[in-house]
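The two complexes that follow have subunit A in common; it is paired with subunit B in the first and with subunit C in the second.
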Partner chain A sequence: MTATTPSAIAAGSRRPWRRWVRRHGWTTGIWILFLALIAYYSTLIPSFGSFQVASIVNNGSPFVFLAAAQAVIVIAGGIDLGVGSMLVLTSVTAARLMEGQPFAATILIGIGILLAAAVLNSIVGWIITVSQVPDIVVTLGSLYVFQGMALWVLPNPGGGTSEGYRYLFTGSNTGIGANPWPAIAMISIAILAVAWWLGRTRRGLSLYAVGSDTTAAYLSGIRAARVKILSYAVGGSFAALAGLATTAIAGRGNATTFGGNLTLNSVAAIVLGGVALTGGIGSVIAVVPAGLILFFLNPILSAMGVDPNRAQIIQGLLIVIVMMVTGLLEWRRQRRS
Partner chain B sequence: MSESTQALLAARGIAKRYGPVVALRSADLTVAPGEIHALLGANGAGKSTLVKILSAVFGADAGTIAVNGAPARLRKPADSVAAGIATVFQDPALIRDLSLEQNLRISNLDVGAVMPWLERMQLDSIDLDLQVRDVPLAMLRLLDLARALAKDPQLLMLDEITAALTTDQTTFVFDLMREWKERGRSVLFITHRLGEVLEMSDRATILRNGTNVAELDLEGVAETELVRAMLGEELAEAATGEDATARTGRTIGNGERPIVLEARDLRLRDKVNGVSFALRAGEILGLTALEGQGQDELFQMLSGDHRPTSGELVVNGKPLTARSPFDAIRQGVVLVPAERQHALLPQRSVRENLSTPLYNRISRWFTLARDEEERVSRAVERLDIDIRAAEQVQRLSGGNQQKVTIGRWLAAGFDTLLCFDPTRGIDIQTKAQIYDLLRELAADGAAVLLYTSELREIPLVCDRVLVMYSGRVVSEQDARTATEEMLLSAAHGLEEAPA
Partner chain C sequence: MSTRTTRAPSTDDGAPPRLRRFGRYLATHPHLVLVAVLVTLILVTGAIQPNYLSVTGVRNSVLFAVPIGVLAAAQTILMLTGGIDLSAAMIATGAAYVAANQSPEGAVIAIGGGLLVGVLSGAANGIGVGVFRVNPLIMTLAMSAILLGLFTSWAQTIFSGSTRMGDFIRTLGGGSFWGRTVPWAVVVWAVLSVLVIYMLRYSGFGRNLYALGDNAIATRLSGTRSWQVLIVVYMIAGLFAAIAGLLLGGRVGAVDLQLANVFLLPSVAAAVIGGTSIFGGTGTYSGTILGALILGVLQSMLTFLGVGQAIQQMLYGSIVIGLSWLYTRIAAAQ
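Showing the complex of A and B:
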C-alpha cells in the first residue's frame, strides 16, 4: 500500500550487469575506443609491432600521469591549471640533480621530488582554502610561478640522468626501444594504487564526497578543507611523476616547454575520460586510455595521410562528439526510467 | 523535571547573527534524559539556527552548551557526535554521487551498525550499492535517520523529519522515537505539525524572535495554546481563524466561470494513467495523494516541463503543446515548485528574483519593462515579505523564500497558478498568509491548482479536491465537506467510504 515500497528499489530488481555497465560504462567505452584505435593503427602501418606499442606507451605515459593528477583534483571539486608547469618544474629539477649520478641516487632524487611536489602543491591547495579565492584563479598564478621556477632551476635545456632510471620509464637505457613493459608496469601500479585509494578507502571517498556536495560532506564529519588540500598534494605528486617520466624519456630537461599547453591537454583527457568538471564523478582508470588516445591520435592521423595541421581539428571534434554521444545515452536512459 | 535530575543538554543564552539579521537573540534549551522534547516556533524564530549550533555546523556568537553537566566545546560536527548528539537535517546529508554503502563509510560507520535500524524500518532489503541520486527523498530521510541512530546518540535531533514521509513511514519513525525514549535516551523534535507534537512530545520549548518564550509541559495542552505561545496573542487569531475562505469569501457561482485549463486523458508512460479535470477561473482546485502517485509528473506536464505521452492540455480553449515552461508561461500557466531552490536565484536580491519572469518581456523588446519597479514593489507589499535580508534571497527564512517564489508570478502576471506543496516545512503564520494570498488571487479571477500533502488544510483553502492514486484521479469531492478520513482512504486507493 505504501507509495514507495522498499522492494521497488531493492536488490535484484534490476539486472546487476546492466547496472555495472551503467556505472562503469564510460570506463568500458573509452577502453574499447582505445583498443579499437590501436587495432586500426596496426592495419595502417605494415611494420606494426612492439616498437610501436612501446613508443605509444612510453611517450604517452607523461600525459597519462598528468591527466591522473588533474582527475584527482577535479574529482575533489577543484581544478589545477598549474599541473603542466609542475611537470616542467619537476622534470628540469630532476635533470639538473640527476646528471652524472649513479642509479640508486637518481631513484632517491626521484622520490624526493615526488614528496617535494606534494608539499609544494598542497601549499597551493592551502592558499585556495584559506583565501577562498577560486581554484582556477589561484592555479593560474601557480602555473606561471612554477614555470618561472623551472627557468630559474635550468635556464638552458640540459642536465641528464642515469641509464637505469631511463630504463625504468622507457624499457631502454637510451630511451628508445621495443620494450613497453616497464612503462606499462609504472602506469598500472600508479593508476591502480590511486584508483583503489579513491574508491575504497574512507579518505579517498571523501574526495568524491567533497567534490559532490561540500555541505553534505561536512555534515557527515568530513573536514572539507583538509580533503581539498590533500587532493592538491596527491595531484601535485602525480604531476611530478609525469615530470620524472618526461626526464627519463628525453634524457635531459627543458624549461622552455610551456606548461599551459600540457595543462589543457590534461583537462581534455579527463573530460574524454568521463570526469565531471563539476566534481564528484569520474574514474582515474578511464583517464588512462583517454590520455593515450589524445597522445597517439597524431601518429594515427599522419599514418592516414591527414595533414598534421588539421589533426588538431579532429582532436577537438573527437572530444565534442564523445561528449555528445554520452550525453545522448544519458538522456535516453533518463527517458526510459 | 525535578531539581535533582541532571539535564542531558543545557544550552544557555545562545546567540547568533548573520550580518544585520539576528537569528538568535538569547535562547535557552534544556533537554532531560529520556524525554521527547519539541522545539517550536514560527518561521525565522531561530529553530534551525539553534539545531545547527548544537550540531556544530557553525559556532554561536555567545552562550554556553553543557552535556550531562559538563561544558561542551562544539567546533566541528564530529565534536557534536562525540558529545552524544546526532542530527537528521531537513535536507538529507548524503552525497549524491556516492553509493549508499560509501556514504555510510565516509561517516565512519559500519554497515553492520546501521542494518538493524534499516530492518526496523523494513528497509533492510534495500540495495546499498545504489547511488544516492537514484533513491527517492523519503527513503533518504529514513536512511539518514538510520545513520544517526547507528551513532547511538544520547540526544537525537530530528529537523522536520516527517515533512516528506508517507503516513506509514511516519508511523515507523514515531515508533522508533518512542523506543529511543524507553531506552532512556532523548529526542529533540522539530516540526510544524502540531498534531504530531502533541502526540509524541513530553515537553516543548517555544522560540519567538530568537528567544525562548515558553517551556511547556504538554500534558493536556491544546493546539491553540501552542499556537498562541508561538505567535503571541494578537497574531494567533489570524492563524487559527481556521477558514481562510471565511475571511476572504469563497467564490460562488463557479459553474458560470470560464474553464481556463483543461486536462483531457493525460498520460505519461506508466506514471500518469489518464487524468482529466477542468479548472475554472476563480477557483482553487485541491489535489492530494500519497508520495509517488504521479502527481509530480502531472505537474511537470501541466507546467510545460515534460510532454505527455498522450492526451491533451487545453488552455483558454486552445490546445497547448508546450516545448518548455517558456511556452506554458506565455499562455499564463505558471508553477510554484516544491523545491524553492529550483525557482530562486539564491545569491541575488529579492527585487531581482521578483523581476526574473519579467525578463521575457525585456528580451523581446530590448528594453526594460517600464513598470518593473512598480510591479515589484507591489508584490513585496502584498506578500508582506520580511526584507531585512533583501540583498540575498538565500539569507531569507524558508517561509519568506516561498513568498518570493509566489511573488515572482504576481509581478509578471498569470492566469493559472500551479502550486506544488507550497507550505512544506513552513510555519503556520506564513502558511496562513500563503493561503490567504491564494484565496485573494482566486477572488481576483485566477485559477489555482494546489497540490498539498497536508490533508487537514484542504477544506480551509480549496473549493474542490481531487485525490490521485497510482496515476489516476480516484476521487473528486467538495472540499468543504471532505473529511480527513475520506481523503486519506481515497489516497490509499481504498473504496470511497459512504459520506
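Showing the complex of A and C:
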C-alpha cells in the first residue's frame, strides 16, 4: 500500500525488480535473515534435526499467532494491548473446558473459543469507535479485564486437553516430539488465509485504507468504524488461536501468566516484521519470521555460549536498530519525493 | 451558576437549562469529576469498612498511591509530548537495585547512584526518541528489555552485594513523623508535585512540552530545538522513575528485579484517568495526582471487600475504560 507517484510507476515499469524490492524488500529480507539464523544455528549445535525444527516451530507458534493478531489491528490503524491477556484467557478457558473430553469435542470447543474471542474483542473495538477514547487506553483496560476473567475461569494452574488436540498443534500426543509438520501447516494455513484476505479481498484492503487515512477512507465510501471493529474481531480470534496453541503445548492452562509481557512481545515482533505503528503499512507474511526470530534468539545465543541474560539485551538492541533503520529509510524517501 | 431567570433561548435538546449550565461548568472544570469520583470511592470504602475513615486508613491508600503517582509524573510529562515510558518500572527497579547495593557506602552515594541510573536510562531513551525518531512506545519497550538483561547479568557480577536498602532510604520510603501519621514518602511526593506543576504551568520548558505534543512541526518551525527538549524531558522522566524506585525499595526494605513491575500500567492508567491525552498536548499533573489517589483508594476498597484477584483486575480495567470514556465525553462537550 505504498503511495506510488507516477514517476515511481514509470521507473518501476522500466526496472521491475526495483519496484519489487521496494514492495517486498522487507518481507524478503526478514525471511532471509530467519533462514540464515536457522542455518547458522544448525552449525552451532552438534545434532540439528527435525527435533530442533519442531521445537522452534511448535513453541514459537503462539508468538507468531499473537504477532499476526497485533499486525491485523495495527494495519487498520489501532493497537491492542489486550491481545496478551486474550491469549491467557482463551488458553485457560480451553484447558478448563477440554479436560477429559474426546478429540471431536475439543475441536468444537476450540472453534467456539475462536468465535467467542472474536465477539469479545469486537466489543473492545466497538467501545473504541463509540467512545473516541484512544485505542491504547481502551485496550489497557481490556488487558486487565481479560486477565481478571482468566483468573476467574481458572484460579489455579490446571485443566487439560485431548491427545489428538495436542497433536494438531505440536505434532505429538505429549507436546514434545520431532514432527514439525502439523505446526507448520497450522501456521501456514492461518497466516496465508489472513494474508490473502488482507491483500486480495475488498474487505481486507479496506483495513489498509482505514489504517493509512481514516478520513480519506470514510470519504471514499468505506464504513471506517465497521472496519475498525472488524480488525479487532479478526485480531481477537488470532489471539485466541495463540491461546489454543499455548494450551496444546503446555497441556494445561495457567492464568497467572501476565498477558502484558506477551503483548509487548507481539508489538516488538510486528515492528521487526516491518508493520508501521502508524497504520496502513505492513504484511502479515513478514510477521511470521519476525515472531519466530524473537523467540529463537534465546536458543541461538545460548548455543553460541552467550549468557542468556545478554539475549534480552541483544533483543532490545535489535529492535531499536531496526526502528532506526526504518526511520532512516522513511526519512530518505521523504527527502526524495 | 446564577439564578434561573436567565433562560437560554435555544434549549431545543430538552435538557433543563440549569443542568446544561452545570454540564458546561463541568466541561471547563474537569477535575471536579475526578474529585467527585474520589470522594464517592472514599465514602463507599468507609461504608464497607467504617475503620477506613481514619488517619491510618487514608494513610494506607495514600502510601499505595505514592509510587504510582511519582511514576505517573514521568508518564504525564512524556505523554504531554506525545510520548510514553514503558521502561519506567524497570528504571525504578534498577535504581532501587543500585541504591541497595551502594547502601554500605552511605546514603548520599546510594541515592546518587540510584538517580544516576534514572538519568542515564532516560538520556538513552531521549536520544532514541529525539534524535533517531524511534517510536517512543518501541524505544522505551526495548530499553526495558535492555535494562532487565543488564541488571540480571550485573546482579551476579558487579552488583552482587547487598540487596537490603540502607536505613536512610528505608526511613524515606516507609517511615513517618508526627507520631507515625505523616509518611516521609508523601512529603517527597508533595515536593515533587509542586515542582512538576510549577514547571508545567510557568516555565518555558513546560510550555515547550505542551507545544511539542500539540503540533511538533509548528513547534520546530517556531525555533524550538525539539530534540534537545525531548532528551531533557526523558532524562527528567527517568529521574522521576528512579525516585519512585527508591521510595518503593525503601518501603519494601529489600529489592529484587521484579520490584516495580506491577506499577507500570497503573502509572499509565493514573495519567490517563487524570485527563492527560496519550496523543500529547493536553493534561495536567494535578489531574494525574487525583488519578493516582483514585487508584490508591480503589485498592483499599478492593482489599476490604475481600474479592479475589480476578474481580479486582476486571474492576480495575473497567474503571480505566469508564473514566477515560467519561473524560472524552466531557472534553468533547468543551
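We adopt the following convention: the second predicted complex is superposed on the first by the 311 of 337 C-alpha atoms of A that agree within 3 Å, B and C clash if a C-alpha of one lies under 4 Å from a C-alpha of the other, contacts with A are read in each partner's own complex, and residues count from 1 in each chain.
We take it that a contact is a pair of C-beta atoms (placed from the backbone, for glycine too) under 8 Å apart; a residue touches a chain by one contact, two chains touch by 3 or more.
Note that this is a predicted model, so its numbers are computed, not measured.
Participant: Should A:Val320 be classified as contacting the first partner (subunit B), the second (subunit C), both, or neither?
Facilitator: A:Val320: touches subunit C, not subunit B.
Participant: Classify the contacts of A:Ile222 with the two partner chains as first (subunit B alone), second (subunit C alone), both, or neither.
Facilitator: First partner only.
Participant: Give one of first, second, both or neither to describe whether A:Ile127 is in contact with subunit B, with subunit C, with both, or with none.
Facilitator: Second partner only, subunit C.
Participant: Using the superposition described at the top, determine whether subunit B or subunit C touches more residues of subunit A.
Facilitator: Tallying touched residues of subunit A, the top partner is C.
Participant: Now for A:Gly260: first (subunit B), second (subunit C), both, or neither, which partner does it touch?
Facilitator: Once the two structures are laid over each other on A, A:Gly260 reaches subunit C alone.
Participant: With both complexes overlaid on chain A, does A:Val138 touch subunit B (first), subunit C (second), both or neither?
Facilitator: second
Participant: Thinking of the overlay built on chain A, is A:Ala311 touched by subunit B (first), by subunit C (second), by both, or by neither?
Facilitator: second
Participant: List the residues on subunit A that touch subunit C in their complex, please.
Facilitator: Contact set of subunit A toward subunit C: 127, 131-134, 136-138, 140-152, 155, 260, 264, 267-268, 271, 277, 307, 309-317, 319-320, 323-324, 327, 331.
Participant: If we count contacts the way the header does, which residues on subunit C are in touch with subunit A in the complex?
Facilitator: 86, 128, 132-135, 137-139, 141-146, 148-150, 152-153, 264-265, 268-269, 272, 277-279, 308-321, 324-325, 328-329, 332
Participant: Using the touch rule from the top, collect the residues of subunit A that touch subunit B in their complex.
Facilitator: Residues of subunit A touching subunit B: 1-4, 6-7, 9-13, 19, 23, 202, 205-206, 208-209, 211-213, 215-223, 280-281.
Participant: What residues on subunit B touch subunit A, complex-wise?
Facilitator: Residue positions touching the partner: 55, 57, 76-78, 81, 87, 89, 92-98, 102-103, 105-108, 122-123, 125-127, 129-131, 134-136, 138-139, 166, 168-169, 290-293, 492-493.
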